[in-house]
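Written out below as C-alpha cells is the structure these notes cover.
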Amino acid sequence: MNYFWDLFLGGLTRGSIYALIALGYTMVYGILQLINFAHGEIYMIAAFTALIVASILTMQGLTGFSVLILAGVIAILYAAAYGFTVEKIAYKPLRQASRLSPLISAIGMSIFLQNYVMLAQTSDFLPFPNLLPQSEFLDSISAWIGPSDFIIIVTSSVVMIALSLLLKFTKMGRAMRATAQDREMAMLTGVSVNRIISRTFIIGSALAAIGGLLIASHVGRINFYIGFNAGIKAFTAAVLGGIGSIPGAMLGGLVLGLAESFGTGYISSDYESVFAFTILILILILKPDGILGRSSQQKV
Amino acid sequence: MDLILDIKNLTMNFGGLKALDGVNLHIRQGEIAALIGPNGAGKTTLFNCLTGIYAPSSGDILLYQPGAKPKRLNGLKINTITSLGVARTFQNIRLFGGMTVLENVMIGRHARSKSGILGAIFRPPATRVEEKAIVDKSYAILEYIDLAPYVNELAKNLPYGAQRRLEIARALATEPRLLLLDEPAAGMNPQETRELEGLLVRLQADHELSILLIEHDMKLVMNLARNIFVLDYGEEIARGTPLEIRHNPAVIKAYLGEEADAEIG
Amino acid sequence: MNHANLFRWILCAIFFFAFIPFSFAQKADTIKIGIAGAHTGDLASYGLPTVRAAELIAGKVNAQGGILGRKVELLVEDEACKPELATNVATKLVSARAHAVIGHICSGATKAALGTYKDAGMIVISPSATSPELTYSGQYPNFHRTIAPDDAQARLVADFAVKNLELKKIAVIHDKGDYGKGFAEFAKKYLEESANTQVVLYEGITPGAMDYSAIVQKIRHVRADAVVYGGYHPEAASIVQLMRRRNMKTIFISDDGVKDQTFIKVAGPAAEGVYASGPMDTTNNPQAIAAINEHKKAYGTEPGAFYLNAYSAMLSVLNAIRQAKTTDSEAVLKALRAHVTDTPLGKIKYNNQGDAIGVGFSIYQVKNGVYVEMK
Amino acid sequence: MKYAPELKRSATIALWLILLTFPIMVIQVNTIENIVVWRWMNIAGVGTVAFVLSFLWQIYQHRKTESPLPVSAHLPAFQRLLADPKLYRPMLIFIAAFALVFPFTASHYQINIMSTALIYIMLGLGLNIEVGLAGLLDLGYVAFYAVGAYSYALLNYHFGLGFWTLLPAGALLAAFFGILVGFPVLRLRGDYLAIVTLAFAEILRLVLENWNALSFGPSGISNIPRPGLFGIELTLEQSAVYMYFLLIALCLLTIFVIYRLQHSRIGRAWVALREDELACQAMGIDKTRAKLTAFALGATWAGMAGVLFAAKTTFINPASFTFMESAMILAIVVLGGMGSIVGVIIAALAIILLPEYLRVLGDYRMLLFGAALIGMMVFRPRGLITPSSRTYVFQPSEHQERT
C-alpha cells in the first residue's frame, strides 16, 4: 500500500507539471486551433533564465527565499515575453493561412529556439540549484511526501485555481473564453482578438515557466533539449483532457502522470511513454473529444 | 399515386430535448412537397434524420423503391442513403470551395460510378469511358441548370445565387429519386427566386423527381408545393394543400409574430 | 520584393548551394582528419567534446609546424547520431579524401558508417562506440577505439559487485541507448552467473523523461542492495539524487559514462560513495591533467563526455602518421598497431581487432567530491 | 526620410529583442565551475540582425499594401513556367538530362545525398496523399516508414528474402499497418487524429527500442544487403549509382501513380473529403473507405521508401524513426504546397539538400534551418506551389474534353 501511495504521489507531481504546460497548449489551441510546438521550448528557456539569474544572485551572496522569488519572477516574465514574441514573429503573419502553415512555422520555431539556447549557452547538462524552500514543516512530513513533491503539487494547484478564477471572473477571462468559442463573434462584440491572442500566449508561457522552474528544481539538471519531450507529453495531456478545455488539460496532465507512474511501478519503465500514449488512444477511441472536451456534434 | 417516402412517428432526442416528436410525413412519387415551420421547429433535424446524419431515436423512415420492398433508412450511413436515391442540399451552403464548379458536380457522380484504385492507376478502357461519361454528364447537368459559363471557376468564387444552384446541380448528379432542398431560396433576390421556381418545376417535370422543400419564402412554397407539412417545436401541427394551410388557425398561431405570417395571411 | 522575385531568388540560392560542392578545390598539402559525431540535437553533448579535443590538438600541432611538414586540417561533420546521416557524412569524408576519422560517437551511427569507410580503406578511431561487435566480429579491420567495449566494462563491474561488495540483490537499470543498454545486458548476464547474486530488476528508463521518481520507488520496492546503471551521467545524477533524497542507502555502480567530474558536480553530495568504472589512472596522469587544463583555458569549462578518449584517439592517429611518415592508410594502420602513444588514457596502442591495449579499466569511488581509484 | 517611421519601429523591435535575448545571449553561467562570462559583444550582433531583418520585413509589408499585385502576377514565376508547355518541356528535358548525367559527374557523397533526397520525395508524395489530398493530418507518418525498413531488415535477416521480394512486401505490410492504425482512429477529427497518429508512431518506436528479441533493440540491425543487380558484384560507388537510378525509377513510378490517383474518381473523393466531410458523404462517398484508402496508400509509399532506406544505409535502428522525422516529411508537404506534386518534389530537395549544403555553416545550420522554415511559411504560407485545378473546355453542344 505504501508503494502504491509513493507511486501515486510521484505520478501526481509529474502530472502537475504536465498539466501546467498542457494549459498553455490548450489555451492557444482553443483560440488559434494551433498546436504550438514551440511551447515546450518556452519552458526550457524559462528554466535556463532562472538558472542564470539564480547563479548570479547566489554569486552575489544572496541565498534562500529571495533568490527563489527573484529568479522565479524574472524567469516567468522572460518566458511570457518569449511567448509574446514568438507569436508575433511566427504565427501572427499566418493568421489567414491554412491551419498547417503555422504548425510548420511552430516546428521551425522549436528547432530554432533549441539551437539558439544550445549555441548561446551549452549543450551539456547543467546542475540546477534546488531553489525550493526548506522548512521544518516540510521536514516533518518528509516521511510521508517528499518536500519538493509537496511544493510542486501545492504550487501547481494554487496556480491552476488562480487561472480558473481569472478566466471565470475577470473581463479578460471572459473575452478569452468568448474568442475561443467563436472568434468572429467575439470580434463583432468589440473584443480585440489580437490582444487576446497575445495575452493567451503570455499567460500560457508564464504557466509553462512555473512548470519549468518547479521541475528543474525537482530534478536538479537542465539542458537545451528538455522542452521537447515535455512538450510532446504535455500536448498529449491536453488532447487527452479534451483540447481547448482548461479543466481538461489539468485532468489530462494528472491522468498521464499517474498512468506513467503506475505503469512504471507495476509493469515496466521500459514502456513508460507507451502507457501514456496507449491511454490516450484508448480514451480517444471511447471519447473522441477527450475526457472533458466539448462534444462537437456538427451543425448542419 | 404511389408513395416514395413514408415517415412514421419519427422522434429524435438530444439529451432530454425532443427535437422531433412523433412526426408523420409522406411524399408521393413525382410530387413537390414542402416542410415549413418557424425557426427551430426541427425541419433541418428531420432532413438530418432522413439523410443519415442523425440516427433517429424511434420511428420509421421508409423509402419505397420500384419493384422492391420499402427500405428502412433509420441508422443507415449517409452515403448509403445517397446511393439509394435520396439527395440533399444544405441550408448553409456546403460546397467544396476549393474545387471547380465542374468538379463539384463530378463528385456527385461518385455514387453512380465505380472505378477503383487499380482503375485509377492503370486507366483501362472501362475507366476511361466512365471518366468521360462523368465529365459529360456533369457538364450536361450544369448546362441544364444554367451554370455552364462557370464551369472552371472555383466554387467559392461564385455569386451567392449560383452557389445555391450549384448545390442543386451537385445533388442532381447523384441521380436522386427524392431531392431534399434546405431553404434553396434563402438569400436570393426576387429575380433569382423566380428562376429557381422555374427550375424546380422543370426538374419535377423532366425527371419525375420527388422534391421535399424546406423554405421560408411562402410565395415560393405556395406556388410549388402540392402538399405542405407544418412543424412547430418538433411536432407536426398541420398538413394539407396550400389552401388548407393558409387558413389553418394552428399554423397562423405558430407563425404569429414571425415575419412570415404577413405572407401567409 | 514581390513573390515572384523572392521565389527566383530562392531558386538561385538552391542552385548556388547545389554547385558549391562541385567546386571543392583539393588542398593536397594538409593532413585531413574527419571529426564525425553528434554536434546538434539531443546527443550533441556527447559529440562536441570530441570536436574540441581535436581542435585543441590540431591547433597545437599546427602551431609547431604540423606533421611531416603538413598542417592538420579538420573536417567536422555532424550526423546527430542518426544512421542515415552518418552514411552521408561517411561518403562525404571519403569523397573529400580524409586521411582518418575520429568518430563516430554512437555505436549505431558508427555501424552505419563503417561499411563506407571500410571500402575506402579509411582508418576510423571512435572515442565512444562501445558495441562489442564492432571489433569482435572482425568485419571492420579499419576500426579502432579508445574506449573499452561494453562487455569488458560490464565484466569488471559485475565482478566488483559480486566479489568485492558481495551484493545479493541488484537492480540493473539502463537508459535504453546503444551504450547503456549494451553495458546493462552484459552486466546482467555476468551478474547472473554468480550463484549468490540475483538480478531483481532489469529495466530501461527514458532519457528525456521529466523525472525518475517512479523507477526509484520501484528500486526501493524490490529492496535492491545496489543499482548497476548503464548510461550517462545526467540521468545517473537524477536517479542518485532522488534515491538519497528519499533516504535510500542503495549502492550505485555505473560505467564510464558516469565516471565524469560533471556527474559529481551535478549530483552534489548525493554523488558521495557512488562507484563507476573508468580508464585506469587518468586522474593522476599528467597528460590527462594537462588536456583538461587546456580545455578549461580555451573554453572556460570542464570538458564533457569522452573528451579524454577523443584526445587520445587524435593523438594516437597523428602519432601513427608521424611514425609511418606517410598518410597511406596501410602504413598508418600498421603504425597504429606497432607504436605506443603516450595519451591521457595511458600509453596505448591497438590490437589487431582494433581495441586499445593499455586502456586498463578500474573501479572508482566518489570520496569527498572526487573519483578515487579503488585498489 | 522616406522610411523614418519604419526605422524607428525597427529600432524599437531591435531593442526589444536585445532585452529579450539578454540573459541567454550575454550571460553564460557555468554552475559546475561557478563562472559567469559576460559576452557584451553579442548585444551588438543581436541588435544589428534584428534591426536589419525587421526593417526589411516592414519594407516588404509596406510594398505589399502600397501596390497590391494583380492576381495573375501572384502566380510565381515557376508556376507560370509550369503552365506553359513551351517553357516547361525544355525544362523537363534539362532536368531529365541532369538526372541522367548527375551520378557520373558527381562525387559519391553527392550521389548519396541525392538518393536520400529521392527517398524523401517518395515520402513527401506519399504523405501528400494523406495530408495534401485527403486532409488527414498525420504526425506519425514515420511509423509506416519504420514498418517498411524493419520488414526488409528482419525478413531478410530471418528468412533471407531478397530486396525485390521484400520491396512489395514491405509496402504491403506498411499498408496493412496503415489500415490497422486507421480503423480505430478514423472517427477522430483533425487534430485528434494528428496526436493519435503521433502516439502510434511513438509506441512503435518504443517497442522497436525495447523488444530486443524482435528488433535487436537500440543497437539496430547492420549489414542489410544492398539491392542486387542480377547477381553482379558491385563496388560501393557502383551500387550507389545503381541505388540512385533505382530511386529515380521508383520516384517516377510514384509520381505517375499519384498523378493518376489525383485525377481520378478516388482522388476527387479525397479532395472533397478534405473540403467538407459531411457534404462529401452526402454525395455518396463512403467516408471510412475513402479515409482508409488514403491512409493505406500513403502508408504503402512510406513502406516502400522504408525498404529502400534500409537497403541504402545497410543499417537501421529506432533512432532514425523519431517524431522529428515525421515533422520533416510534413514540412515537405506543407512547404511544397499541399496537394502539388511538383511542389513536394522541390520542397523535398530543398529540405534534404539544404541542411547538407548548409554544413558549411557548421553548428549554425540547424538554427538557420529552423529560421528558414519560419521564413518560408511567413512569406509563402500556402507553400511553393499552389495546386491549380484542371480546366476543361466544352463546346456548348459537342462536349470535348481537353486536359
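Note that the chains take the letters A, B, C and D in the order they are written out, and that residue 1 is the start of every chain.
We adopt the following convention: a contact is a pair of C-beta atoms (placed from the backbone, for glycine too) under 8 Å apart; a residue touches a chain by one contact, two chains touch by 3 or more.
Bear in mind the structure is a predicted one, so any value in this text is a computation, not a measurement.
Of the chains shown, whose Cα mean is nearest the mean of all protein Cα atoms?
So the chain sitting closest to the middle is D.
In terms of C-beta pairs in contact, which of C-D and A-C ranks higher?
C-D
Any idea how many Å lie between the Cα centroids of subunit C and subunit D?
Each chain's C-alpha centroid was found; their separation is 32 Å.
Where the centres are mean C-alpha positions, what is the separation of subunit A from subunit C, in Å?
About 34 Å separates the centre of subunit A from that of subunit C.
CA centre of subunit B versus CA centre of subunit D: separation in Å?
Result: the chain centres lie 42 Å from each other.
Taking each chain's centre as the mean position of its Cα atoms, how many Å separate subunit A from subunit B?
Inter-chain centre distance comes to 48 Å.
Touching at least two other chains at once: which residues of subunit D meet that condition?
Those would be 30-32, 210, 278, 363, 366.
For subunit A, give me the residues that contact two or more of the other chains.
115, 122, 126-127, 270, 273, 298, 300
If a residue has to touch 2 or more other chains to count, which residues of subunit B qualify?
53, 90
Contact residues on subunit B for subunit D in the complex?
That would be residues 51-53, 77-79, 82-83, 87-88, 90, 94-100, 102-103, 106-108, 110-113, 115-117, 119-121, 123, 127, 130-132, 134-136, 139-140, 143, 148, 151-152, 154, 170, 173-174 of subunit B.
Can you list the subunit D residues touching subunit C in their complex?
Contact set of subunit D toward subunit C: 30-33, 35, 37, 60, 63, 69, 73-78, 105-113, 116, 209-210, 217-220, 222-223, 235-236, 240, 309, 312-317, 319-320, 349-350, 353-354, 356-360, 362-363, 365-366, 379-380, 384.
Of all residues in subunit A, which touch subunit D in the complex?
Subunit A residues touching subunit D: 29, 33, 35, 37, 45, 48-49, 51-53, 55-56, 59, 74, 78, 81-82, 85, 89-90, 93-94, 96-105, 107-117, 119-122, 126-129, 232, 235-236, 239, 243, 270-271, 273-274, 277-278, 280-281, 284-285, 288-290, 296, 298, 300.
If you look only at subunit C, which of its residues touch subunit A in the complex?
Touch list, subunit C to subunit A: 40-42, 44-45, 48, 176, 203-206, 208-211, 213-215, 217-218, 220-221, 233-234, 237-238, 241, 245-246, 262, 265-268, 301, 304.
Of all residues in subunit D, which touch subunit A in the complex?
16-17, 19-21, 23-25, 27-32, 34, 36, 42, 131, 137, 184-185, 187-192, 194-196, 198-200, 202-203, 206-207, 210, 278, 323, 327, 330-331, 334-335, 338, 363-364, 366-367, 369-374, 377-378, 381-383
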